[in-house]
């Protein structure tokens, strides 16, 4: 194994561990922080796989803004913060092996696909991918339609959020 | 190509080390004689009342939502900004449409009063 | 990639961190001296000649101070928050070039730690992480003032981060690259501040707000919030917040100098590359002086005005500036 692969496996282990902690830990703020750690792990995995641009985007968008929103949301719902409810489902001993079984079967199915086991060395790809990305965004043969539609989607999400939040504020004040 | 990023990992490791080192330094050398009064929340010498944290104003939440939207906008504008000369007028027009559509949400939030603070 | 290369990076990293922490110590002294002069006082002058040992004395004092932890605080996050605040401050300047390259001991050494092609994006990402330490410090203290201060700081930082981001896009457009080395090199004919004064102004204002610096230091307004998010912190944990604040001051000066003021470029720098760090140092010192001067002169802005200024004035202006720059550069052909 190359050092890079060892780093990758280490990061993957941390990511998985913190993902499990997100759903099993009691305090909501701690869960949110483990979510941040998970997202950070994903960013490092992008980096070790050779996609620096998306690693930084992952940090900027997911950790820098979406996780901040989640932390704000936790602060907003302070009242149910330390509720003394069990964080594990009652039937977890049944569903945990089931999830493992499903995961194993997915791996089994995927492993029959020839490209699954081939390792591609991406660490040597040049850094030109931003230029390509920028070009593809405004290229009629590329992603210009998804790019423009994305703006409409964002606007719809935004208008919805403002509408709901302002209604609540109006009702309270 | 990836080794260009190795220095960043090295300095990150040093920064983490410095942070914890300073905290540990204070723990080793600082005295530790907690009393009930000392570990009460500081409220300018008044007797603390009520819960330490309370529900925050929804305006903060709205700001965070708006921030996500425009953060994503920046992420889309940056790759365009690197090669906009090459893309020329069509690129400019397409980016203009993208920005104008997003600004609809901004104007809506503004008119709805989401940017007002009382 | 060989052993010598890794050693070089390790040495550069240690050097950069030492410069930033040492710089922190002396910027506190610089600030106290300049403030004192503006207020017709002398400032610290007891510890060593002209008070040069004052930061050392302050540091030693803080090490031996008792650290208080509020009884109801979340102990783990309370300890983690100052560390999380100082890490982004220390690593953000890793992509800022100090000069081109010099030959030392028969080895050509590039005067920057990392030249990555997405440096500006890196700056934005690190800036966005630096919110965490402050938000968590406020939340974990379980103190009304600290929570409110942390919330205010977080909301203020994310609001001004947008204007900051759009202001940083302008040099990227002018240079056609996100690498800070390329951006500095493309300022060879003329500094970007002369072509884009508005972008520099937006950058400067937004950066001041981003590091909660006067006149945008509402989250730390001692008259109404005691000390904001670090109310409950003492000893070395407080020192970390203090350190982060001053290192961020140095960082925004370095980044601003590189993006708009020509970075390490100056007369004869092509003939004598060793002048590069000196020019950068002078520029940073001047920008820092302006920041301190502003603190001494301007009153604090009320929080609602501050947020409205960020969203209703600075952000639309920054966005418009990016677009107008694009239109002008394409139509005129820059």
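Assorted remarks:
Every chain is named by a letter (A, B and C) in the order it is written, and numbering of its residues begins at 1.
FYI, a residue touches a chain if its C-beta (ideal position, glycine included) is under 8 Å from a C-beta of that chain, and two chains touch if they have at least 3 such contacts.
Given the structure is predicted, the values throughout are model-derived calculations rather than measurements.
Distance from each chain's C-alpha mean to the overall C-alpha mean is smallest for B. The busiest chain interface, judged by C-beta pairs in contact, is B-C. Look at where the CA atoms of chain A average out and do the same for chain C: the two points lie 29 Å apart. Chain geometry summary: the mean Cα position of chain A and that of chain B are 18 Å apart. Residues of chain B in contact with two or more other chains: 5, 53-54, 56, 59-60, 64, 66-67, 71, 81-84, 95. Residue positions of chain C touching 2 or more other chains: 116, 121-122, 124, 128, 139, 151, 154, 158, 178. Shown for chain A are the residues in touch with two or more other chains, namely 52, 57, 60, 64-65, 68, 72, 75, 127, 130.
Looking at the complex, you find that chain A touches chain C at residues 27, 29-30, 33, 36, 52-53, 56-57, 59-60, 63-65, 68, 71-72, 75, 127, 130. Contacts from chain C toward chain B in the complex involve residues 1, 5-6, 9-10, 12-14, 16-17, 21, 62-72, 79, 82-84, 86-87, 90-91, 94-95, 113-116, 120-122, 124, 128, 139, 141-145, 147, 151, 154-155, 158-159, 161-162, 165-166, 169, 172-173, 176-178, 226, 231-232, 235-237, 239-240, 243, 303-304, 307-308, 311-312, 315-316, 319, 322-323, 326-327, 329-330, 334. On the side of chain C, the complex with chain A involves touching residues 74, 77, 116-118, 121-122, 124-125, 127-129, 131-132, 135-136, 139, 151, 154, 158, 178.
Contact residues on chain A toward chain B in their complex (touch as defined above): 4, 47-48, 50, 52, 57, 60-61, 64-66, 68-69, 72-73, 75-79, 123-127, 130-131, 133-135, 137-138, 144, 147-148, 150-152, 154-155, 157-159, 161-163, 165-166, 168-169. Considering their complex, residues 1-2, 5, 53-56, 58-62, 64-69, 71-73, 75-76, 79-84, 86-87, 90-91, 94-95, 97-98, 101-102, 104-105, 108-109, 112-114 of chain B touch chain A.
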